[in-house]
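First the structure, then my questions, so here it is.
By letter and in written order, the chains are A, B and C; residue numbering begins at 1 in each of them.
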Amino acid sequence: MAEMNTDNSQSAGIDLSQFYQVFFEEAGENLDNMERLLLGLDITQADDEELNAIFRCAHSIKGGAATFGFSDVAELTHQMETLLDKLRRHELAPNASMVDVLLASGDALKAQLARHQGNGGDAIDTTDLLANVRALVAGQAPTAVAAAPAVVAQVAAAAPAKGKRLVELRVGPLSNLAQADELRDLFKEIEGLGTIEDLPSFPDQANTRRFKLETASAESDLLDLFTFHVSREEVVFLPWSEGGVQVDPDKGLFEGGAAAAHEEPGYGFFDNAPGAPLSGVASASSASAEVVQASSAAAKPAAKADKPAAGGLESSTIRVSVEKVDQLINLVGELVITQAMLAQNSRGLDPVLYQQLVSGLTDLDRNTRDLQEAVMSIRMIPMSTVFSRFPRMLRDLANKLGKKVELVMQGESTELDKGLVEKITDPLTHLVRNSCDHGVEMPADRLARGKPEVGTITLAASHQGGSIVIEVRDDGRGLNREKLISKAREKGIDAPDTMSDSDCWNLIFAPGFSTADEVTDVSGRGVGMDVVKRNITSLGGTVEIDSAEGYGMRVSVRLPLTLAIMDGMSVGVGEEVYILPLSSVVESFQVNEEMVKTIGGSGRVVEVREEYMPVIELEKVFGVPRFDWEHTSGIMVVVEAEGGRVALLVDELLGQQQVVVKNLESNYRKVNDVSGATIMGDGRVALILDVGSLVRRSRH
Amino acid sequence: MGMMEKLDLQTDLAREYLTFRLGDEEYGIDILKVQEIRGYENPTRIANASHFLKGVVNLRGTIVPIVDLRLRFGCASAEYNAFTVSIVLHIGHRTIGTVVDSVSDVMEIPAESVRPAPEMHSAIDASFIRGLAQVGERMVILLDIEGLLMSPDMGLAD
Amino acid sequence: MHSILAVDDSASMRQMVSFTLKSAGYNVVEAVDGQDAWEKAGGRSFDLVLTDQNMPRMDGISLTKKLRENPQFKATPILILTTESSDQMKMAGRSAGATGWLVKPFDPNKLLEVIKKVIR
């Protein structure tokens, strides 16, 4: 079979290669859609609309592939289309091996397209796949259902499916057309003979009946049967050709049908049709007024709305490259910094004297905020883009492990920043794999415990406050306290028997911790929970585990909604400026020496409305050099995070402003107690404090 | 270093080097890794970092760490004055600034004039020295700046 | 200048057809499926409608039928682009009132050639 495309790229002046990129993107979407639909298909009660949609995916790819000369793709999709067409016409019933073969074909197509896009890789050997598809089309079981292997290209075409074959039967010319009806009856009465289907007669051969036969019987046998009703000379068997040129042994190439005479030009006009060209142009002879079998040809128009998260075909969206959006975000970020600088520099101006300027700056402030909000929302995309890979991944994984797992997804429309999407995918993948591999028990085990044979893994996303919360839950065996504690001790980690459950579950995040008895190649790859936690923390998020042994486990990931822009309060400590997230600031007040008490010699607390709150001296945490030994810090800023509050001791409150959050890790690395950095109005860098980590500090 | 390794090193030596001074010594680094040269500006301190990590600065909107190579190499003195420069490097996907006393020039150093460095004790691990180049009267110490900056004791990478 | 309504749910096909026709001096309006084409057709006139057959919401045959019910499009040439040239397809096309068909894949020159035959 052809592996590279025949070079259609230059077609008499029109360079088709300019459309390749769009075709590749479109084909990619169609493949994703097809996979999603196949995974969601209910085999017992297949939805017509879904079958049609799956058909259209393959059909669309075929059309483009054929037009642009990617013949390997066209061939495979053509076969898939044949199978899908039968499915949507209810000529075949869907079953699990069909879905498997179609999924594997989708994989092969992805690989073929990747090669055409220049992504390298070996030629894809689709011999087996094509054979399997053809077998399914003929109503047989496929042989080995393997994923399309990338093997060095070979030559021979696939063997035709054994067993049944398709044949076109022509009977005539008949003086009595009803004679042919009796042939139909033969197929009804004799079991195993095959199936027979009417075909429209050719208009210029009105006395000849045509049928489509599917049969395993030899033609000679059929002829013997037919000659009870019609004479031998009136019967012609022709090889079936699907949708292409039909060979008439008497007349050479195609003739007949509502088409042009004696050759297949690939187009034609209907006689006397509105708008048809006038005589002199090849046109069809008039058709007799017959009822047309139009029902099978036309797909039903979709009455139902598209399912959510489908690749919609709305013309109210436009495609924009990610680079353009990122550039826009950066520009808005710079605008925020400039506006902050202006605001800062204009603080000293007399509002009366400079009334217009000051009011203009106030407007600018508001406009910038609005613009920024609008621009940030461009980057917000639904969680479904993250979740979409899991059904297939889980299906393949469960099959491999011999487990039965169902995936439930909730809150797919919850939105999060695109930058986060890319970074959250790996940790989530690990968590899901973990649940399937270590959480959900084997079907027999589950039954023995009185659980349903099929385990459930739930992915749920929701907004809570200024964060997005993503949960991975399973109803598997949960975590075993004893095992975790003993493993921790083995590794030299302090794990007292009295440790709380939540502390115990958190042991999993220790580096190199894996309680799997063998490291399966699936999730024990050394990509441990510690890496998951680190990834999430570097995004400014938190991970928590909850578990009930025997019932299951839940991992909750909490992330800030957006990384990029934040309202901050700047505080001064010595010569340094630090930024606190405004959303975590509760209050601030002045203090003097007497108000701050010590506990146990080192822990310091301050009284706040009858409550003693731990104090953190930022000067000590960040080793801020002091040159003025007389100076004592006089301001407490109370901040709250992770369910706790601390009072931060600072020198002064400098102000509130919007800050553009910049990443320290891209060029440097994670710094303790610091969640990011920003550029102040004077161009200098200020560190943004990680309030959560400061609160945790106070707890130890 | 064995003989074979020394020969191999020669084949992947760069062609053009940016040379700079640290105290009395002259060093050369692969010009392709140099993004730009800037004056020294006071960085924002990062607590609990090594003494040669001066902090971070804003480079046109990106946060870039600044490492003082003079402190790293244990030079006698490290002043910050009008002549102090930062060489901004692009290493892998990171941008890092290095403080040096001054920048000399860009020169092409043919492989033939490079000798292997003798085994000796110095503040710099010998594995980061690609060789010693004889350029006229000068000796230029060719540094594997990427290896040096990315080594664990620099504390720049995770 | 002649105006053509090009209907196809595949963006790459649409672009290819559009580009081909525009290069030949035709004015082109694109639609993503039958429904979209129907909405775009309202209140305008076209010298030719080129439509794909298999599309979501409303396919080529149904679009053809609907257009023919509208007096404005009674005589407009409508060509159905289809990967099948089966008799069933042709019958359905004819009965819906299509002017003719063109088999996919086609090369751009063939498209222009066929169009020339019907566009007046």
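Here is the rule we go by: contacts are C-beta pairs under 8 Å (C-beta built on N, C-alpha and C of every residue); 3 or more make two chains touch, one makes a residue touch a chain.
Nothing here was measured: the structure is a model prediction, and the numbers come from that model.
Chain contacts here run in a simple line, from one end chain through to the other with no loop closing. Chains joined by the most contact pairs: A-C. Rounded to a whole number, the gap between the C-alpha centres of subunit A and subunit C is 33 angstrom. For this pair, subunit B with subunit C, the centres built from the Cα atoms lie 67 Å apart.
If you average the CA atoms of subunit A and of subunit B, the two centres end up 44 Å from each other.
The touching residues of subunit B, counted against subunit A in their complex, run 43-49, 55-58, 61-65, 93-96, 155-158. Within the complex formed with subunit A, the subunit C residues making contact are 9-13, 15-16, 19-20, 23, 32-36, 48, 52, 54-59, 61-62, 68, 74-79, 83-110, 114, 117-118. Touching subunit C in their complex are the following residues of subunit A: 8, 11-14, 16, 18-20, 22-23, 25-26, 53, 55-56, 59-60, 62-64, 66-68, 74, 199-200, 242-244, 257-259, 264, 266-270, 273-277, 281, 287, 292-294, 296-299, 301-302, 313, 315. Put simply, subunit A touches subunit B in their complex at residues 330, 333-334, 576, 621-624, 662-672, 674, 677, 679, 683-687.
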